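Below: one structure in structure tokens.
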Amino acid sequence: MIKGKLSRKTYGLYNFMDYRRVWPKVVYGLFILFMLTVVVVSVLPPISLFFAGFKNPQDIYSVPFKLLPESFDFSKIAKVWTDMNFGKYFVNSVIVIAGALVCSIVFNGLLAYATAIVKPAGHKVVYSLVLGSMMIPAVLSIVPLFNQIVKLQLTNKHIALWLAAGANAYHFVLFHTYFKSLPKSLMEAARLDGCSKLTLFYRIVAPLSAPIIGVVAIFTLNATWSDFLLPFLVLKQDATRTVMVKIFDMQSNMSTSAQFGMDYLLVVLSISMIPPIALFIIFQKQITGSVSTSGMKD
Amino acid sequence: MKKFLCVLFSLSVFACTLIGFTGCKEKNEKIQIELGMWPEANLTQDIAMYKYWESQFEEAYPQYDIIAAPYTYNLQAFVSDAASGVLPTVFQTWMTEPPSLIENGYIRDITDQLEQLGWLDKLDEGLAANLTVNNRVYGVPRDGYAMGLMINKKIFEEIGIFYDSDGDGVTDIVDEEGNPLYPTTFQEIYEVSQIVCEYTEAKGIAILSSNQNGGWQFSNIAWNFGAVLQEKNANGKWVSHLNSQACIDALEWIQMMKNEDLIAPGVTLPYSDWYKLIGTRAVAMCFAGSDAISMPVTNYNFNKDDLVLVPMPGDGVHQAYSLSGGTPFVFSKDATDEQVLGALRFLEYMGRSPVVSDVARAAIERGHQTAQSKGMPIVPTIKPWKSHDYLAMIEEIEPQYINVNMEYYQEFFDTIDQMRRVEEPNYCQKMYEELDRAIQAVLENPATANPTALLNTANNNFTNKYLNELNK
Amino acid sequence: MLPSLVLFSFFVWVPLLSNISLSLYTTKGFEKIQFSGLENYLAVFKDDLFVGALLNTCEYAFWSVIIGFLAPVIMAIILNEIVHFKGFFRVCAYLPNMVPGIAAAILWTFLFDPSAGSMVNSIIVALGKEPSLLIDDSDLSIILIIIAMTWKGAGATMLIYLASLQSIDSTYYEAARLDGANFMQRLRYVTIPHLLPNISTLFVLQIISVFQVFYEPMVMLDGGTDASISLMLLSYNYAFKDSKSGYSAATGVILAAIIIAFTLLYNFVQKKLSPQSE
């Protein structure tokens, strides 16, 4: 007879009734097996990378393949970190992220506030223009954008990346949808009480927006940490580079004139995965929650 | 109200930005020279050496200010670097790059400055060839290289090809009568590779095939099969013969090697693969430039005493050549005459100029000492300058620092002056690109690939896309 | 609102328009030289590389539909059936999504290395087959890139389907059960129809995003091979490798046109279909 969770399953293709029979139990076992495979496929690659970082460069592709290195010498991580001067790139990434957070929340939030609540003349045009820009990949216009940035002498300036975060259609939409969902009666009431649009924003909308600001903040954090193309084109001096740009730089120099072994690249890669994964572990609920509701990836 | 605030806010943001980047510009009366060849942060010994050179230089020439600006030439980034004006005054690139850099105007003409210093007629013509367009010179070679056959001595010992022929306790690469034990023809490479594959885990040889390195190596192989890749015909037009019988023979040799699985696995092998494969004992041989033999040692802790470099093989009929070029220092298009002059003068303090002086002597010695303490193999170099006093100076210093068994390099350096040959004159990189494709096709489907058809395509593409343009 | 609009103009709208205008000029470096009409377009269509890239991009789209699109649907349906360790499975499946894009591409370059000692090859050998060239094999490179992209993206898409599945009222299944529907029939008549709106939207998003595949081939194949180069990467290479920004802009415009055409077609079909389903 069936016990435990299966006996209480009331939803889905098979429910507790079905599980009284044998065949569905077998299928259920297969399902579990399938998901276990998914887990292995998801988790094994980063782990094997982490392990390979401890190997000597000449052993990385040795036959037969070994998952584990000969020894775990954790001082190697510190050595790579100092040898590659990685603290510098890390700080740069943090600077870029901090500015991007502010810009993304303030600019996208304000624009969404305007289009969703204040609704000045032309707000519909603006809304559809922003939505339209979601359809066209921003990377398509990278050449002119790069040109503009060069002309304004914003190369090697982190501010270019901060401001770019302020024009993110996805985050705008997140804000817009959220503001739209705020109860209209609340606004009306406030307006009747004589609130100006500004005080309305400070008193009513802003305090209510904490959850959405949190979500946008998390996404901005992750996206900025992972962002590559624009930082790569803007941050040309080594001293200004972010972690991702440096990693790409290391990778593409590997094939020509590397001054370091393959193991260094692997160690640095492992390091670069830690912050987003830590972020995920902390804010798991918010991240998975808003992915499923907003239909947004990345 | 809200709009007003917004405008105010936006203005303040932009004002801050403006202040942000006007504030950091301060006037410096010295002529600033950004050195792109300055070593990366992790190479502490090299940095110490550069700092020493810098202090000496700035003492002698107080009008210059040397700025460390480590710059690694990178295909993906270079054009945007150049467009955003962040190129350092002087930087190193690869021997293959200058023609396209010159064509696109990213690097500048330094003929007048070389003239002024009296260095122009001291340049080695062969090495300066691909830095020269219409008799104007766009860079100076850092050092020269010539291609040779690199061998993992250990593997050759294991399979019994190298042994101690003169009984002095050291493995030799020539027999009792001084005849080479190493392969001197492509046929011998084939035979040796079979033995290597039979008795060891390694493959016979590495054949590069991507990012133009395939064509780079292949053109040397093809020459040694007797190929003429480019020539001017009777009407004064340039023609290419990438599909000549000699080229087909060369590609068929690769095909035969691949068919018997004697070549390192992979279809697109970039430059780094030769030292990765040698360094990890995955192959017994490869073709490599004489200036880069330290790569397997520095990147893969390969034992420097196990390296052997011998002359390029031939087909036993035609003259064998060794492709030769130089790693160049080039100068940003934005560099002023003054900056170029300063950067050139600094080369003396690095021991890379034709100037013979105590400073140059000390710098060369310092360079060797640093390389020595890093455990790098030091072998004779191919000299980028041809003036007698310079050559005499090098001949005097170099032998003191050689830290490898010269027996393993002697044949290469003895023959190199007769074998050296510079790259083909026109659109060489584009030609390599077309050849890369043919090589990749052979490596991918060795059983079915048709070298003749592949090289016909390569020749047609090269002619239609580039040579016709040139002949207009 | 105004500063935000300035930012959107600077980072999104103006570059887009200048890109269109750039595509109509001959260029030197990144500067416009002379108006040349559609010459850039004609030139790229004559370039073998462009035609190759166009075909490659279609191939990416094809495999992305086969692998990248189906995987999350199946994962979601199966995960929804599971009651043990559900949270754990969900978290693990989503985890790859947090790995930064460049890092994921390099990670898979490392796993797909053609040397016999790479992880994937060692699995192939363990299964008793010859080691494969993997990413170096021009017949495989696109599929492998799609697998790497699916590895990263499937978890997130799965969550969206999962949320939708959880909203299915169990009475539908009850009703189906009473009608004697078996497992496959319940899947066919209850689950799939419920997912359909999500499926079609995500299908379009999937296609749009795969048309923009760019840094995966760049990273995984050293700047891209003839067999793997995508339109997006070609556009980048034209501008930032060959210094032909006019070609780059033209390629960009063509790519945008394809994407827009596709979206419009989708909207059109959607409108045609929706009255019947309601």
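Observations on the model:
Which chain is which? They are A, B and C, in the order written, and residues in each are numbered from 1.
Following the convention adopted for this analysis, contacts are C-beta pairs under 8 Å (C-beta built on N, C-alpha and C of every residue); 3 or more make two chains touch, one makes a residue touch a chain.
These numbers were taken from a predicted model, which means no experiment stands behind them.
Using mean Cα coordinates as chain centres, the one most removed from chain A is B.
A count of C-beta contacts for the chain pairs A-B and A-C puts A-C on top. Our note on geometry: chain A versus chain B, Cα centroid distance of 40 Å, whole angstroms. Between the Cα centres of chain A and chain C there is a gap of 17 Å.
The multi-chain contact residues of chain B, meaning those touching 2 or more other chains, are 6, 75-77, 80, 83, 211, 270, 282.
In chain C, the positions touching at least two other chains are 1, 3, 30, 115-116, 222-223, 239.
Residues of chain A found to touch two or more other chains are 61-63, 110, 118, 146-147, 150, 248, 252, 255. Residues 56-58, 61-63, 83-85, 110, 118, 146-147, 149-150, 153-157, 159, 196-198, 201, 232-233, 236-238, 248-249, 252-262 of chain A are the ones touching chain B in the complex. Within the complex formed with chain C, the residues of chain B that make contact are 3, 6-7, 9-10, 13, 75-77, 79-80, 83, 104-105, 210-211, 265-268, 270, 282, 437, 440, 444. Residue ranges on chain A touching chain C, taken from their complex, read 5-6, 8-15, 17-18, 24, 27-28, 31-32, 34-35, 38-39, 41-43, 45-46, 48-49, 52, 60-65, 67, 103, 107-108, 110-111, 114-115, 118, 120, 126, 129-130, 133, 135-148, 150, 163-164, 166-167, 169, 222, 225-226, 228-229, 244, 247-248, 251-252, 255, 265-266, 269, 272-273, 276-277, 279-280, 284, 287-288, 291-293, 295, 297-298.
Across the complex, chain A is touched by residues 1, 3-5, 7-8, 10-16, 18-19, 22, 30, 75, 77-85, 88-103, 106-111, 113, 115-119, 121-122, 151, 153, 155-157, 159-160, 162-163, 165-166, 168, 170, 173, 177, 183, 186-187, 190-191, 198, 201-202, 208, 211-212, 214-215, 219, 222-223, 232, 235-236, 239, 245, 248-249, 252-253, 255-256, 259-260, 263 of chain C. Residues 1-2, 5-6, 17, 20-21, 39-43, 70, 72-77, 80-81, 83-86, 94, 201, 211, 270-273, 276, 279-282, 298-302 of chain B are the ones that touch chain A when the two sit in their complex.
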